[in-house]
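Chain naming follows the written order as A, B, C, D and E, and within any one chain the residues start at number 1.
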Amino acid sequence: MSRSTLLWSIALAAAAVVIPFYLDASWLQDGLFAMAAAIGAIGLNLLTGATGQLSMGHAFFLAVGAFGYVYFASLPEEGAHSLGGLGLPTPVAAVLAVLLAGVAGGLFSPIAARLKGAYLGIATLALIFIGQFAMSNATPVTGGHNGRPVPPLEVFGFVFADTPDAPLVIAGVPFGALERLWFLGIVLLLGAGLFARGVLRGRPGRAMNTIRDHEIAAGVMGVPVARYRAGVFVLSSMYGGLAGVLIALVFQQTVPDYFGLLLALSYLAMIIIGGLGSVAGAVIGAVFVSMLPRLLTRYSDALPLIVQPGQEGVGAAEAAQILYGLAVVVVVLFLPGGLLGLVNQLRLRINRRVASAPAAKHSLTPTPETRN
Amino acid sequence: MITFIELLVNGISIGAVYALIALGFVVIFKATEVVNFAHASLLLVGGFIIAKTHEALGFWAALLLGLAGAAVLGALIEFLVIRRANVVNHSVLAIVTIGVDIVLTTELTRQIGTEVLALGDPWGSEVLHLGAINIPLARIAALLAASAVIAAFLLAFKYTNWGVAMRATAEDAETAALMGVRRGRVSMGAWAVAGALAALAALFMCIFPTPGLDRTVTATAMKAFPAAILGGLDSTTGALAGGLIIGVTESLVGGYQGELVFLGRGLGDVAPFLVMIIVLLIRPAGLFGTRELARV
Amino acid sequence: MSDTYQPDGTEAASPAEAIPPLEVRDVTVRFAGLTALDSVSFTVAPGSVHAVIGPNGAGKSTCFNVLSGVYRATSGSVRFGAAELTALPPHRIAALGMARTFQNIALSPHLSVRDNMMLGRHRLTRAGFLSAGLRLPSARREAARHGERVAEIAAFVGLTGQLATPVGLLPYGVQKRVELARALCMEPKLLMLDEPVAGMNGGERREMAELIIAVRESLGISILLVEHDMGMVMRLADAVTVLDFGKRIADGPPERVQNDPEVIRAYLGATSETEEAST
Amino acid sequence: SEKATGGGAEAPASGDGVKTGPGVTAGTISIGMMTDLTGPYASFGKSLTNAQQLYFEQVNAAGGVCGRKLEAVVRDHGYDVQKAVAAYTEIGPKVVAMAHVVGSPMVNAVKQRIEADKMLTIPQAWATSLLGSEPIQVTATTYDIDMINAVDFLAKEKGVKSGDKIGHLYFEGDYGESALNGSKFAAEKLGLELVEQKIKATDQDMTAQVAAFKKAGVKAVLVSVGPRQTASLVGVSLAGGMDIPFVGSNSAYSPQLLPTPAGPALLKDFYYMTGGAPIGSDLPALKKLADDYKAKYPKDAIDSGVSAGYTAAGIVVDALKKACESKDLTRAGVVTAHRSQNAWGQEYGGTMDFTVFDKPASLRSYVAKPDKDALGGAVVFKDASESDLVKEYQVPVG
Amino acid sequence: MNVHDPGPPGDSGLTVRDLAVSYGPVTALRGISLDVPRGSVVTVLGGNGAGKSTLLRAISGTLRFHRGGITAGEIGFDRARLSGAATSAVVSHGVVQVPEGRKVFARMTVEENLRAGALGARDRRAAAEARERVLTLFPVLAERARQRAGLLSGGEQQMLAIGRALMARPKMLLLDEPTLGLAPMMAARIADTVREINSQGTTVLLVEQNAAMALSLASHAYVLEVGEIVLSGPAAELAESDEVRRRYLGIGDDRDEALLSGAAPARPALTRWSA
């Protein structure tokens, strides 16, 4: 089991390193969106999956991260709209942006602590609308509706941007912004994933799960429930903030419209489709939800019954949309453990076949790997 | 003062439409504990059928057909999707309804295309003048219809076992079955009713003073969320109260935007949510909702 | 075992002294239009088994809920040694060394028995988000050490074979034992058991009774017990408090209480089958 | 890898001595369109796309440009910023110019890259935030110019005078705020008091706003919202006995509204400003366009998107032709060629000056009036003109 | 005491033949055959996890709620075949279950819970009568009529669960551990109630951990272990058997005690935790 895990990890790592050398920018960009989504989804899964606090407002914290980064990193600008900024070194700005998202989460957590279930869900939905309102009114910070350009990240003189004057070429492949960000994304995702896994498998994870399953029991067993709930909310918001920073870096321009209702709901879809409560589930779900529509649009020409833009009939984007909706329904209906459940089942089957059934151990437990 | 009264009356009449939508949420929540994100597509279907058939059938027949069509669609969603989703976690079911909504809305907006469809209602752009106050006739109709429907639901929940069966099924389907409740029938019925309510709401949402049915109508359904929550997701009275509060809030904030400008422009959109949050802070299950109480 | 870690300094060498008495004084709990506990007082002597009995709805679980901080008493005081409990939230009370089980099982069904038991160690461990997320050596050492103790307790309760099984898949009786094991994992000074043998048959009840006796013998802690099985109460308890409609109607050694006419009227009834069965 | 060989190639000259870059091969020139076919502006996006494809076909039938056939690469972003960014990343490297991009948020999201790529781009939005960028060409006027001209029109022909109040209903966002800049400026110049009402695209019912206008006692209302909101505003006002003129931005009107209950109100005293001539005008070029369009897309309605798209396609193709003359079909070459023209588009009813890019290409707006029988649902009410106010106006850029 | 009138087999009372049930890959019952003649009280004993609740679920048709199903065998009641029927159909045949663990509708009031119990019944007047009877049986339910059921004490909830089932005026009552958590007096009251409704003609299948009570009520008993019936016979006889006395009644002399502690694995000692 652990050997196969190791092999898998090595294969994945190799693929991750090789990909930027072969795939073109738009694939890398899709990949980066998926990575950012995965980080955000891991955070949401800590909150909703592991602790049972439904949040439909995750996109708000992404926005805080994105705009926080831009504000901290940009220099003030005079112009039609004068824009503020602190002009901090970009890595500092990124860290501060993540912390800011955490603070935003902390501010909301007293509300979150009082509400449950659907009520909490819709209350967090309010964050989206309030966020949109704030973003469009706080023009000096956010740049209003058009957002503002994102200063590229620069770590020890290495810039995560296109540098036409001093092109970086590795193995004959020009490394532009996306290629460079790709590796940053991988590192961030890996770090975020491992951290969350540690949290879930350790003492905090058990406390969170018990709060989800039986809040009163958790308190009686010594878990400071309110503090934990707030803590998880802050942590999850920080994940959202980190995802926001990464998205800003990939976009190169922050746009308030992006952090809307659709985004928030798609994060919820990610963790449910992937499998509630686990890191791997969040990642699988994020990749699925963010890549599926792109893949469908891209290859829609190959799909039957699809007409070209401008013609009568079901267009590519519509078909993609419909298939996406159907996929959501089908996954939830037929894969109760989410995609992760499916993956685990397949792995189990493969392993069993490999182990060629030494007295196929009859166990009561379908080992629902809900916690890794 | 006249402006205030006019805004108030206007808010109440928009609120009646929100209340109808919110009531749809409430019915489904009562029966299946699902927050139904597919409600918008039920609205669209209802409105679309009315718009497409009113010329051939006349308005009233078209309305009936629209109610029936949306009800059938609601029942179908229940039968094909909700019933088959064997999940414990209700937020998972909410996501399923999002999937359903994406599919239906995409197809319906494709059908509607770029048109703005009139619904052929008998009230047109007529306005009732009460002194200095003007109220569109369509809005009065909406208010009357919503009041009648909500009163009917209150009575139905009180004097028939339907409500008990619904709540029992929602809370524990297995035990409800042991009481002889046919789960399928109860929840399918609820979805059908919610569909019909959506169609009725669609009618009032798409006639004067709004220009007609087009693809953007679904966005309005979102505004009924704070209404339903604020009143209490499982309360009929709550749907009415929530709808009215949201309608009036929106109308007043919109109308006094000039005076409220220090709070930022475009407040009308967030105000309902702010009101909702304030109410929830005081009453975590809404004004009339059942409080979640646990004991050990 | 003897590394530098010292989670709770009070757990010193001679425990019998370390275990304080629990004093319940004039505790009243009112719900809208209902007095669930009406000025109830009793004392649990250190190291004793104290039973609380009474008809259904008498207020026994409510009493537990007050003691563990789930309900706030309308008035009255509860002292555990020097600490006044009535104003404390549940986790602070847990930190004082009070553990309980629940009348209706309150475990996390998806978590394994081991994880459920590890939750009981929450108050004795320290790893927070940061150290768990970063897997700091201190967190790992802590987890390993407490994992050993969990295994020890599991062996004691007879759950060694089920440690990895998700609790939800276990039969009711076994889940009841997991509840007890989780409470033991808190290394309590006072253990509160709310109907530990409900839903068990005679044989299983006897095993559970033996387990409780073993706990008390090997740990010397106080045990507060709510149970309707009078046979078991008679066998285990050093003292019994009887509640009826929230009022204390009797208090004292089991034999005396058993023959108290008021108790017989309110609770035991003339000839009870349970009694017949368990004597 | 494939990427290794492909990257960094510097614009080679092809066989015919024309320098080429991305999007141009020996036989084809690829031109991008980032449009909205599934979102809120789907009808507009569809007209734009249709009209531009029609234009390209006509050019191809006449032999193409520079011996090459034009090829459209269309991506639908459904008015979603992320999809637009993704679409740009996907088709950006494959095209020489963008014949239209719907939505100013979308253009803004990829603005930096457009500038880095020197990609001639025609946004289908008229916000001032799009000005000031060399490769980005806003056609004709911007929203603020239209509104200044509108206020001038109200003052000259609708009896609005100093001390009066006028209302302005506008969308939050670029569109509305650009327009508001214009109305604020003009109102101040003429001593009018402006009553602002900001709404969102999801707002449908304008009763509250009408009440506010009525309370303030406005003499006229400027309208910079979507067609649905316009219809509601005008309908409710008239029904409530507020019989005043309304002047909209070019995006505030759509002929689809005429059959709805708001139709009569729109026909009564509503006008809208537009930099390009409405397709219902008498210009021969537009008449021909209408006929060709009807022949090719018999089922589709004709609206402002048709002429807007067609004109934008013309701008791009003329830039390509000019670039071909100077034997440089690289993107930079196309932009340079484009920026060398200072009086483009007489046949479409307005000349545009492309040599400066921090000012609108034109300051003249038409006043159009809805008309049931006219093509595109509107006729020219007042020919394109530039008010005196506009001359004093300093356009905010960026 | 029992109104015992065993009609021709198959057309009266409940019959279970060769029943097998599994939850996915797990077989929970196999080869179960038992009879509950019309008008009788029959009890099923068995340890935790033996499959008692599973048997009742199979009869009521609620296995599918647990991802389980009948894999073989037949269940009949009077002339009707219950295996394969929907739960609501089983209820309409008059077979009503009080499920294990109370399962009151926690968010509904006591009153509404009782109304829910009558949902299967058509006859309004009969329902009113049933309500009368339930409230005399458990007066506390009348006192708490407007209280949320989830806030009742454990025992009160159990009373509510039984009362709710009686609201349907069943022909046959399936009771899954009805005295769980009830005070001795109340348990005795339940026993009397079972006796009383049985004497009024209701057939009862009783699953009980309180074996003493169960055996005193029942005419016939079955003992279930790990999914199979290992013992069956007249209740009185079983009550005398050593096996049943030791395992289910918890009664044993010293010899048994020794046997028990010998059989059980020695409990390792638990030392005090010292950090």
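What we mean here is this: a residue touches a chain if its C-beta (ideal position, glycine included) is under 8 Å from a C-beta of that chain, and two chains touch if they have at least 3 such contacts.
Every value quoted in this text rests on a predicted model; they were computed, and no experiment measured them.
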* Could you run down the chains that neighbour chain A and chain E together? => B, C
* Asked: Both chain A and chain D are touched by which chains?
  -> B
* Taking each chain's C-alpha mean as its centre, the one farthest from chain E -> D
* Asked: When B-C is set beside B-E, which has more C-beta pairs in contact?
  -> B-E
* CA centre of chain A versus CA centre of chain C: separation in Å? -> 43
* Mind checking the centre-to-centre distance between chain D and chain E? Centres are C-alpha means, answer in whole Å. => 76
* Asked: How many angstrom between the C-alpha centroids of chain D and chain B?
  -> 37
* Asked: Just how far, in Å, is the C-alpha centre of chain E from the one of chain C?
  -> 29
* To do: Would you please write down the residue numbers of chain B that are in contact with two or more other chains?
  => 86, 106, 222, 265-266, 269, 292, 294-296
* Can you list the chain A residues in contact with two or more other chains? -> 136, 216-217, 315, 318, 321, 364
* Asked: For chain E, what residues touch not just one other chain but two or more?
  -> 151
* Structure fact -> Residue positions on chain A within touch of chain B in the complex are 48, 54, 111, 114-119, 121-123, 125-126, 129-130, 132-134, 136-137, 215-217, 261, 265, 268-269, 272-273, 276, 314-315, 318, 321-322, 324-329, 332-333, 336
* Hey, which residues of chain B end up touching chain D in the complex? -> 2-3, 6-7, 10-11, 14, 106, 109, 113-116, 118, 124-127, 129, 134, 136, 205, 207-212, 214-217, 219-220, 222-223, 250-258, 261, 265-266, 268-269
* To do: Would you mind writing out the residues of chain B in touch with chain E in their complex?
  => 86, 161, 164-165, 167-168, 171-182, 290, 292-295
* Structure fact -> So, in the complex, the side of chain E touching chain C is made of residues 45-49, 101, 140, 151-156, 158-159, 177, 180-188, 191, 209-213, 216, 246-251, 260, 264-265, 267-275
* Asked: Considering the complex alone, what residue numbers of chain C touch chain E?
  -> 5-8, 11, 15, 31, 53-58, 61-62, 103-104, 124, 149, 152-153, 155-156, 158, 171-174, 184, 187, 195, 198-207, 210-211, 214-215, 218-220, 228, 230, 267-269, 272-278
